[in-house]
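What follows is subunit A paired twice: with subunit B in the first complex and subunit C in the second.
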Partner chain A sequence: MNIQTQIKRTAAEELLLDAFAAHGEALPGDSSVKAQRKAAAELIGRGLPTRRVESWHYTDLRRLLSNVAAFTQGQGAAAEAALLDGSTVLSVVGGKASASANVDGLTVASLVNGLADGKLAERLTLAGTDDTVGAINSAFVADGYAVDIAAGAEIAHPVELQNVHAGGQVHTRFVVNAGEGAKAVIVERQTGTGSALVSSVSELDVGEGAEILWIIVQDQPVEADHLAQFKARITANAKLTLFVMNSGAKLARQEVRVRMEGEHSQFHLRGVNLLAGDAHSDITMVLDHLAPDTYSTETIRNIVTGRADGVFQGMIRVAQKAQKTDAKMACNTLLLTDEGSFSTKPELEIFADDVVCGHGATVTEIEKAHLFYLMARGIEEKSARGLLVKAFLAEVIEELENEQAIEVLEDKLNRWFEAHA
Partner chain B sequence: MLEIKNLHARIAEDGTEILRGVNLTVKPGEVVAIMGPNGSGKSTLSYVLSGRDDYEVTEGDILLNGESILEMDPAERASAGVFLAFQYPMEIPGVATMEFLKVAMNSQRKARGEEELKVPEFIKRVRTAAEELSMDMNMLKRPLNVGFSGGEKKRAEILQMKLLEPNLCVLDETDSGLDIDALRIVAEGVNALRSPDRAIVVITHYQRLLDYIVPDTVHVLYKGRVVKSGGKELAQELEKTGYAEIIGEAA
Partner chain C sequence: MAAVQETIDTVRTLDVDQYKYGFETLIESDKAPKGLNEDIIRFISAKKDEPEWMLEWRLGAYRRWLTMEEPTWARVEYPKIDFQDLHYFAAPKGITGPTSLDEVDPELLKTYEKLGIPLREQEILAGVQKPASDEPSDNVYASGRVAVDAVFDSVSVVTTFREELAKAGVIFCSISEAIREYPELVQKYLGSVVPVSDNYYATLNSAVFTDGSFVFVPKGVRCPMELSTYFRINEKNTGQFERTLIIAEEGAYVSYLEGCTAPQRDENQLHAAVVELIALDDAEIKYSTVQNWYPGDAEGKGGIYNFVTKRGDCRGKNSKISWTQVETGSAITWKYPSCILRGDNSVGEFYSIAVSNGYQQIDSGTKMIHLGKNTSSRIISKGISAGNSNNTYRGQVSIHRKAEGARNFTNCDSLLIGDQCGAHTVPYIEAKNASAKVEHEATTSKISEDQKFYVMQRGIPEEEAIALIVNGFVKDVIQELPMEFAVEAQKLISISLEGSVG
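Our next item is the complex of A and B:
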């Protein structure tokens, strides 16, 4: 099975390998980091995954990543204003981290040090031969932030992690450690201008009893390819809510890998995918319930217009000892054009016998009775449809326990509709 | 105001004929009750008036102020002054009630060539109307009808009716699911809307609502036709004798 026939490399594969050959040595890292980078580059050298690799079945990366932006930095990238008022902004601009923070309970360091001294080497280990997003990031990661939230600290204002580019290649990593009982809201912004290849990996440790709301807002330009990973470990009595809003990029893959390691831990994933034009956007989740009495919910809502394609793969694995697991997953899509498509693949792998696990997926059009009700009040058909489509997504946004985030995200939603609907 | 002439309508999906030649004239200022047993076509009539496309008109016409509305979609009919208070108002998660009210009011104003309402004026109108119906403004912060009790939904329908100021109000079984206090409040709301240039059509199963909203005329619908018409005493008579006698006469 593993014997590879030599096939001609794609332009993207060539460019990635050439970039590694030319610049790999200059990237920060001690010998252990360099060894990890080399292993990652070797995985890339074996070829980007095609639809024959199960986890990439609906996102044929070899075909979709047809080209790769040059290994340079575009000029003129600048940090963005924070999404939420009063946020502590930690920007990676054009691949470089330079911000610092002076907030009680927060310790911030740029990642370049941790790479240089090898402390982060362990984290560059790949999850498997299909961990292509991890491989591209591990091979090239240049900077980012390591953020420690002290035990017991309740961080009053959100922390915004920005990854902003002006084209070229950007490979960034954020490592966040939330101490026992800590509370914080973290916003991850992925944005920029121009043709780019962005890889970004976020890692989060949620300490016992800690509560984290993490909001990913991806609105890359249509010329950008965006490969991202969110990895979290949730310990006992801790709660993580992850909200993902995808509204940009030519190709976007957001992987979510969460391990619920502690009893009574909670994980809630909410996703809103806004797909237009020729975009291909993929959210792939692997969630492990590893301890008893763990509770998770996943709700993904998608709007597809134009010729866009969307993907949601949701795998929930329940370990044998994770009795009393309660997991509910739903993926609902509104297809607004005949040319668009959405593929959903829910998977449950359950080894415990006393669990409640469910999943549902729907692909629908607008509910006729709702449309009639709105029109019967004088709202013309086009506006009525617009209201209902927005409502379909707003429902998920409004679940957030943060008034300002709801306002800001709904505003983004409105602007997306003005541009695309 | 409203003239329904020999109206025949069927369910679009399976062709079942529901209305079989309804004739009805409603004058400005008139309050009309349409009564009839289950399955007589009362609700269908309300949907056909408001333009729901699950029904097809196969014969006849509906004239509003002398003009046919058959070619108009529901939004155009609403802007022309038709309002249907639903028997089962839709819960629409994600649509904020206030936003909905504002869009509805301004859409109609726009369609009639009037200026959009400014926000303070809009809020003032909603607040006044809500007070008159003993509705808590907090309720209107919720998504449209979501989590409303049956009575709250009906009250919300009347609130919309007050705000949209239609010239033809059609109330479909507005009394269903209401307790006596809610019924009184809703009826008072409707009575407050009685005016010489507005007609109100009350569709109901029971006499009860008509104790509070006293009609000028009563029509009995049976098997898709008006089989008997009379004054308000006809409703009282029906309450005593039931529909069987009248249906017998008609058959």
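Our next item is the complex of A and C:
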């Protein structure tokens, strides 16, 4: 339409801007950080994205973020036990980071200092006008951790980054730098209790030849809105495996932005999306192949039950000089309900000619032949269905090169089924 | 395969100047003054001798259009179009609608002869038709068993085989004529698939459309021959606004072909068409396009902007609509032939080959909207990019809540030739019914060294080897085209790729 009428702000937009006006000044940061925060708040002021913004096509944030939890902290949040035994736990409890670690090869600092002295200012720069998750985080981020993994260090036990809340607003950031040849397993836990607005941004630099397995486990309460971003830069010969398990929240948006900057780098994304009730869950990935001979695979599996809506957007961009790129993406969904929906947009944008890129997407119900096979062996329909659905998801989990993680994630999967079968 | 050898030969004989339909017909024409306003719309309507309701419909669309904004979501870039700098009506002097052949300016007939479109049906029937030029006749029309509606700029010049079709009960005429002769049919169906306010270009078209074809196949009739419209833009600074409406009643069948060309010019020209198909119970419509508008020169200067809205409505149960397109021309293509699968068990198909070279930009694909039970759709899209071009597949498959047992299969492959071009795939997949089955697969690659080696190792030179592999790549789509058309399509592809191979 030609006539750009001044659209009335939604309640959520008002609340976010009010919170910034009231508390923005008190948030940590020098003048450069404050300038970034202001720019971020201005973007929020221009309105939350609707379907008309291409990267939010299936997640109309303006409509879905109907309310915003108060800018306070709920009482009684406490750090959770580690998901994987023996992990070094770095928790942000109710928006505050207080843990420290004494592990060889790990340097851990609270993020407050980095904000206060302006060292992190540049990191608060937004990726574009559609970077709403980044904007909410940049405007309000209060704490988190900066973790350095020394060059050559092989961290024996997983490092768990926890973001736990008891309601209210939590805006956290994790900045991880893996030095040359470093090896580590990192678990990112996003959980809590009560109605909340959580924004969390994780940034990872994978040094040359380093190998990182990063596992995101999001099981927010059904009252929470969860906006998360994972950003990584992968340099030459480095390998990053990212695993995402989404099983909670009223509204969840997990953005994955990965830049493969070094030759022979590898990126593997595995995702399991468990959707129930009235949840709206969105995984949006933008993957840039920027260097020659890079290799990536992405597999996302989704289960939709209840009245839930699931979304996967995956864009693979291959730059002109990224010859010999090999990129394969698959998104498979079992839609088990007529009241829910699943939407997917797997995009390829290719400027190099010598590449092999492909994507596949399916949305189906359980294969009748498989069901028949099991039922013919005396397994009743309900159990047979359960088995097939679990197998569909477990397949992705079992690809992980970490026995301990497989066990814990499969256990979580089973518990989800018990609760939602 | 003989056709492949022919293709290669064609590639060889043609040099840089590839577009062979780029000539201009020097013919005096009546033009509306430049610009767009309500008076121009009244002028067009009066020229067409239209009833009052049609004028009102146009004016309504125009007022709506004034409130709309040009869409920017497609991956195409072009300078802003000055809609006031166009002639919205141009017709060869003295022609206001189809007439008998004897009254048609011989210059005009020559043009069609040159294009290989025979308009003299009696000669064809007598079997004495000869190709007009020395070039071998390479198109479907040469077979002579195709009824043609020839649209020149803003008017339909002639429609052939009308009597024979009328015997079968089939109405085939220009849309302007249909508005006068069959107003009840036009009023019932026009705008029922693509509403007036559907999108920017469709709304513009609704306001200023000038000509196009109207096809009505009554209940139970299988149209006895292929129907075809040939669009030719000739005049400078004009826009062509084609409107086509095809209705297949219960149990009817029709196969329709569309062809288009334009002279080589330095400035860009606009072609904004709307095509509506309606298939009632058990009806089938097959719509094939070989789009060969002038694509611009090697530097990207000139060429047609092809902004087209094509949509079919499978309104009845067990109906079927099939789109097949070979897109090689136009500077910019913005085109998404779609199917609304409303009737239970209805079927939608989309087969496409889009070849871009030079500085061409193609953003094309389809929409399959599944509304009825057990509806099924199939999408096969092959994109080939060469030179400095960009080629995007953009498609949507939407399974609505009540579309129980709906089924979709999509396959879109892209092939890149050279490292200055781009190939993109943007599918939107939306499922809201648990019993639906949606499958989508897409690949992008270059011709693999292995394949090339395999072929060349058998003594076939590189250029031929590539042509052979490309032909294999597009085979799935080519075989969906009517036979004679398939040969023409294959040649077109090799012409479009000429200069990028090897």
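Rule of thumb we're sticking to: the second predicted complex is superposed on the first by the 416 of 421 C-alpha atoms of A that agree within 3 Å, B and C clash if a C-alpha of one lies under 4 Å from a C-alpha of the other, contacts with A are read in each partner's own complex, and residues count from 1 in each chain.
Quick note on the criterion: a contact is a pair of C-beta atoms (placed from the backbone, for glycine too) under 8 Å apart; a residue touches a chain by one contact, two chains touch by 3 or more.
Just so it is clear, the structure is predicted and the values come from calculations on it, not from any experiment.
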Fit or clash between subunit C and subunit B when superposed on subunit A: fit
Partner chain in contact with A:L126 - subunit B first, subunit C second, else both or neither: neither
Which superposed partner A:I350 touches (first subunit B, second subunit C, both, neither): second
Which of subunit B and subunit C A:V103 touches, first, second, both or neither: neither
Which superposed partner A:A394 touches (first subunit B, second subunit C, both, neither): first
Vertex subunit A; arms to subunit B and subunit C (CA centroids, nearest 10 degrees): 80
First, second, both or neither for A:L64, with subunit B first and subunit C second: neither
Greater residue coverage of subunit A in the superposed arrangement, subunit B or subunit C: C
Which of subunit B and subunit C A:I379 touches, first, second, both or neither: first
First (subunit B), second (subunit C), both or neither touched by A:T337: second
Partner chain(s) touched by A:Q320 [first = subunit B, second = subunit C, both, neither]: second
Superposed arrangement (fit on chain A Cα atoms) - minimum subunit B/subunit C Cα distance in Å: 14
Common interface residues of subunit A - those touching subunit B in one complex and subunit C in the other: none
Contacting residues of subunit C [partner subunit A, same complex]: 66-69, 73, 399, 401, 414, 416-446
Interfacial residue positions of subunit A with respect to subunit C in the complex: 1-3, 54, 57-58, 320, 323, 333, 335-338, 340-365
Contact footprint of subunit A on subunit B as seen in their complex: 50-54, 73-75, 77-79, 83-84, 86, 89-90, 92-95, 99-100, 103-105, 107-108, 111, 143, 160, 164
Residues on subunit A engaged by subunit B in the complex (per definition of touch): 368-370, 372-381, 383-384, 387-388, 390-395, 398
